[in-house]
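Structures are listed in the sections that come next.
Paired with subunit B in one complex and with subunit C in the other, subunit A is shared by the two complexes that follow.
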Partner chain A sequence: MTVRARSRLAKWAFLLPAIVYLAAFFGYPLINNVVMSFQHYTAATFFTGEAPFVGWANWRAVFADPVFGRAAVNTVLFTVGSLVGQFGIGLLLALYFRRNFPLSRLLRSLLLLPWLVPLVAAGMVWRQILDQEGGVLNEFLHATGLISQNIPWLSSPQVALLSVVLVNIWIGIPFNMVILYGGLQEIPSDLYEAGAIDGAGRWRTFRSITWPMLRPVVAVVLLLGFIATVKVLDIILVLTGGGPANSTESLSTQVFQNSFMNLDFGRGAVVGNVLMGACLVFAVIYLRTNRKEVS
Partner chain B sequence: MRSATSTAVGLGIVAVLLFPLYWMLNIALQPGSGLAALSAVPTDAGFGGFVAALRDQGGAMLTSLVVAFGAAALCLAISAPAAYALGRFRLPGMHLVLFGALVAQMVPDIVVANAVYNAYVDLHLVNSYLGLIPADAALGVPFVTVLMRAFMAGLPGEVLEAAMVDGANRFRTFISVVLPMCRNALITGGVFAFLFAWSDFLFALTLNTTDDVKPVTLGIYDYLGVDTTDWSAVMATAVLASLPAAVLLVFAQRHIVSGISGGSVK
Partner chain C sequence: MIPQARIRRRTWLAASLCGLLASGCAAAPDPTELTFMDYHGDEPMRSAMTAQLDDCGDQIGMKVRHYSVSGDQLVPKALRMASSRSMPDVLMLDNPDLPQFADTQALRSLNDLGISAEGIAPNIAATGRYRGELYGIAPTVNTLALYYNRDILDQAGVRPPKTWDELRAAARELTTAQHRGIGFSAYASFEGAYQFLAFLWPNGGDERELDSPQAIGALQLWTDLVRSGSAPQAVMNWEQGDVKNQFTAGRLAMMVNGSWQAAEVRETPGLNWGVVPIPVPRPGAPPATALGGEVMTIPKSEPWRERKAAELARCMNTKKAQIAVAHAANRVPSRPDAAAELRPEVPDLRVFYDTAPAARSRTERIGTGWPDIARALWTAIQSAISGNATPEEALERAQQHVDSGS
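Let's look at the complex of A and B:
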């Protein structure tokens, strides 16, 4: 072997474990989910080792299931609602904390806590807060006279999705705030000084300086937010388990339901492929905005 | 706005947003009272909830620690050399690995679980540490690789070349020169890998069918299935499960903030 070839081999050796890992835990599942979606792959498969190919049967069954349609619509509502809320509040907080005041650093880092706490733990306490009878939110709204009847936050099909979105907004605010705050710090201060000399007011400054300068960061934060939100499963499972009456079923809870509750992995794979397809569309957009990173 | 007013408003914002976590602690400290009978401040704080939590979930906490430390170590062992290669070497086709790491971050965990579970059944890895630890490490590998790559690319080339000239081969250089220089990046990556694995619920739920390997997230979730009356024990478990995040936020805050922005915007 030539010295050059040996050196090249040594370099690849650094990458090899990661390549194997990515192939095993991401490449293989992606491919296998496509294959499984055409197989009758159920609990029996584990005993017989047989998973006969059944053509498009799983796909037809899934698309004919009204719950799947409901889950797809819910996923869109959940994702859009969460993103708007997380981004809006995250941006407001980032703008607020940009002005340095005593304790601002400490308070800013405390705000990260909801994002770092395990989702299951956070979901559990939200169940208590949103409890229809005796939950502290209803008690508070009662005491302040805002409501006269308890709101069934998690137990009514009309309200449950909204509640799940609200909890997910709460979880996503810190992430949005940190990245947007970082973006705000990058904006050169002489731009603001020039704006002040020109007599620009607060809104004008935001519209003509802050927002245009922040645009690239906004794009990244929204795309990452999309990717994180569209696949959310933990929080829904803990808060509502997809109910009541399927009102909070999403594509990811449907994968879980089909595969791990009904033990029909073929149908679970179909829903998984749809979910993955949605992620890939946005992955392409993400990679295009981040092209510098790859090249 | 005067700065004192700013601080007051800031405190108000934090109080509202952290209220659920306060409430978690509040319920945990009031064992024996029903949800409706809770007082807003735990004046008669009792630690019965925490005692019950440690009794029932102490084993699960240990399991979580083993899994999270194992996953973090495995993740760093895989990501650090890859990040070094991606940051410093020029190899044809190498950008595909980076591309793969970026795309992998977008694959939903449940899609991974759907296929990995079936592979694990064949490999007899269901209900084992040997199965759960690598799966939880996978939650961190793409993110941590991309994160550390930026750091490795910024290392001073002269130092590394000097080591090579002194006769150390690439692996020696990596172990004895590069890794010590990357302490900060390793801590940041390790913190994230640990937190990802510690918080993992989905892989624990899908890749285990028995209670043999039961992390605390699964322990909390299991309370949903039973008709619990003692919510203080459940919330005490949730508080204990949240503790590592709080501790890391205090001691590794700088790393967490730089990690969030470094892993996503670059």
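Let's look at the complex of A and C:
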């Protein structure tokens, strides 16, 4: 064997574990999911192993279901609303904590708490807080005279999605804050000094120094935030179960509904594929923008 | 000569391979032990079942391992086990899940194993049948009734309602700043649909025809109760456990709930309560609620294990075993003779015993269609009681949904 061939072999040998891992844990399930969406894959399949191919029947059935359209729109609203809220508040907090002040460390760690609470537990507590009848939030708004009639946070089809978004924002703030805060620490302070000498005001400093320097971190935060938000299931299930009247159904609750309630795994796989497609689009956009920045 | 390190590496590899093989062997069932899987992780049912299973294990000369998973995990877990042929010897399913599971052909017909539904109330035996074949057997069941807060009703001079008209009037009168007249579960889950059947059926409605005038009438009642404020709009977000919490906290004068909630209602200090059958549309109309509870099924395995599992199921289904579990867990035995024997000992649950013979299986008519129909139903309920649609529009849409789905 020539030296060159050997070194090439060695290269592949080093790559092999990663390839095997990716193929086993990403490639196989992904392809399987696509295949499954063309099969009549039901509870019986688990026992008999038979899943006849049915062409596009699952896809047609899912897209003809009005709830699917509703769920797709809700997923967009939920994701955009959550991201805007999480990112906006997270950025403001990160900027705030950048100025060191007494107790800022303590406060910063306290703000991480929502991240540490198990999602289902947080959801259960929020359901109690938002209850229209005896919920703490309505009681508080009543006592302070802000409202005269209880707000049906989770029990009105018009309001429920907003409430679910608000809860998800609360959950997502710590993540956004921590990553953005880390990004802010990386910006060299001499840039700010130079800006100060040039007489840049606060807004100008933010726009010309902080934001451009933070851009790569922002892209990562938004991409990870998107992927984490678009597939949120537990919060919605615990808060509303997709109700009232399907007003908080999302694509992920549809996957759950089709696969694990109706035991129609073929249709569940269709919705799952749509979700994966959406994630893929965003991942590609991210990679492209990143490549531009590097070159 | 082989370097020392390489030998060690080989030993490791061999050891881990052995480990893998050994764990494969360990998965083979223990010939002295039967496994029993259910979702009874909560007290008092968990202890009641474990005690009775131990007792029956002694009688049939096998150890019985009882393990519980959470309610929403039971079916997915059992399916995974089915695909790897490692099902428990006895699987206890929520009764509406039985048709879908029997449809997989993973279950043994109980008649083949010498278990019959003899001695069990016929309406209860129906919860274990699929396409005429007996796949499951329910030792105990539960039903729904109307709990009421005696103090609140006495104070207002209201008697527990018997008909829908009386229910409307009572709920209105019992609604004050401190409490609402009535609560029920209209949550987006099987629980919401389950509770609604107790109003749909007595009105002559049929789950196969959701847009019938009878169904619309039943939904109109729920809608009126909520829209008038006699029941809170929050019922859309209450599971049955939440309804019970509101009731024990004194925020509801009446509630629709099951016998299994009696344990906590009893333990609430200072709560003076009673139970009556769910009010019916017209005087004298028979109450009909949906039968709740679980059925024991026997997944296919080796013949001798199936026979042993059948012995265990038979033992769990004797009069004595039924009474032990039903008494401890506030349920109704499925054998009329067992129920008759236990009834005098549970005065506060008598209503459940008296209405159980009129209760019905959710899947008797629609088989595997229940998940679709239930979903259409709870969506319609929520649309109507939130005021987004009239009961008529909501139920027409529900029926269209069911028709197009299959």
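Assume the second predicted complex is superposed on the first by the 259 of 295 C-alpha atoms of A that agree within 3 Å, B and C clash if a C-alpha of one lies under 4 Å from a C-alpha of the other, contacts with A are read in each partner's own complex, and residues count from 1 in each chain.
Criterion: a residue touches a chain if its C-beta (ideal position, glycine included) is under 8 Å from a C-beta of that chain, and two chains touch if they have at least 3 such contacts.
Since we're looking at a predicted model, the values are computed, not measured.
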So, after the overlay on subunit A, do subunit B and subunit C clash or fit? They clash
Q) Touch check for A:F260: first (subunit B), second (subunit C), both, or neither? A) both
Note to self: Looking at A:F46, would you say it contacts subunit B, subunit C, both, or neither? Reply first, second, both or neither.
What the structure shows: both
If you stack the two complexes on chain A, which partner ends up touching A:N246: first (subunit B), second (subunit C), both, or neither?
second
Review point. Is A:W211 contacted by the first partner subunit B, the second partner subunit C, both or neither?
Key: neither
Inquiry  = Once chain A of both complexes is superposed, is A:E133 in touch with subunit B (first), subunit C (second), both, or neither?
reply    = both
Quiz item: First (subunit B), second (subunit C), both or neither: which does A:D65 touch?
Solution: second
- [ ] Go through the superposed model and pick first if A:P157 touches only subunit B, second if only subunit C, both, or neither.
- [x] second
The chain contacting more residues of subunit A, comparing subunit B with subunit C, is B
Could you tell me if A:V238 is touching subunit B, subunit C, both of them or neither one (first, second, both, neither)? first
### Task
Please work out whether A:W56 is in contact with subunit B alone, subunit C alone, both, or neither, and reply first, second, both or neither.
neither
Given the options 44-52, 80-88, 116-124 or 332-340, the segment of subunit C that clashes with subunit B spans residues 80-88
Footprint intersection on subunit A (subunit B / subunit C) at 46, 131, 133-134, 241, 260
The answer for subunit A against subunit B in the complex is residues 7-8, 10-12, 14-15, 17-19, 21-22, 25-30, 32-33, 36, 41, 45-46, 93, 96-97, 99, 101-104, 107, 109-114, 116-122, 124-126, 128-129, 131, 133-136, 139, 170, 173, 175, 178-179, 182-183, 217, 220-221, 224, 227, 230-231, 233-234, 237-238, 241, 252, 255-256, 259-260, 265, 268-269, 272-273, 275-276, 279-280, 282-283, 286-287, 290, 293-295
Listed in rising order, the residues of subunit C that touch subunit A in the complex are 72, 75-76, 79-80, 82-83, 100-101, 103-106, 180, 187-189, 232-237, 246, 249, 251, 371-372, 375, 378-379, 382-383, 386, 388, 401, 404-405
Per the touch rule, the subunit A residues reaching subunit C in their complex are 42-44, 46-49, 61, 64-67, 127, 131-134, 152, 154-157, 240-246, 257, 260-263
The residues of subunit B that touch subunit A in their complex are 1, 3-4, 6-7, 9-11, 13-14, 17-18, 20-21, 23-24, 27, 34-36, 38, 40, 77-79, 81-82, 84-86, 89, 91, 94-95, 97-119, 121, 134-135, 137-138, 141-142, 145-146, 169-171, 174, 195, 198-199, 201-202, 205-206, 217, 220-221, 223-224, 231, 234-235, 237-239, 241-242, 245-246, 248-249, 253, 256-257, 260-261, 264-266
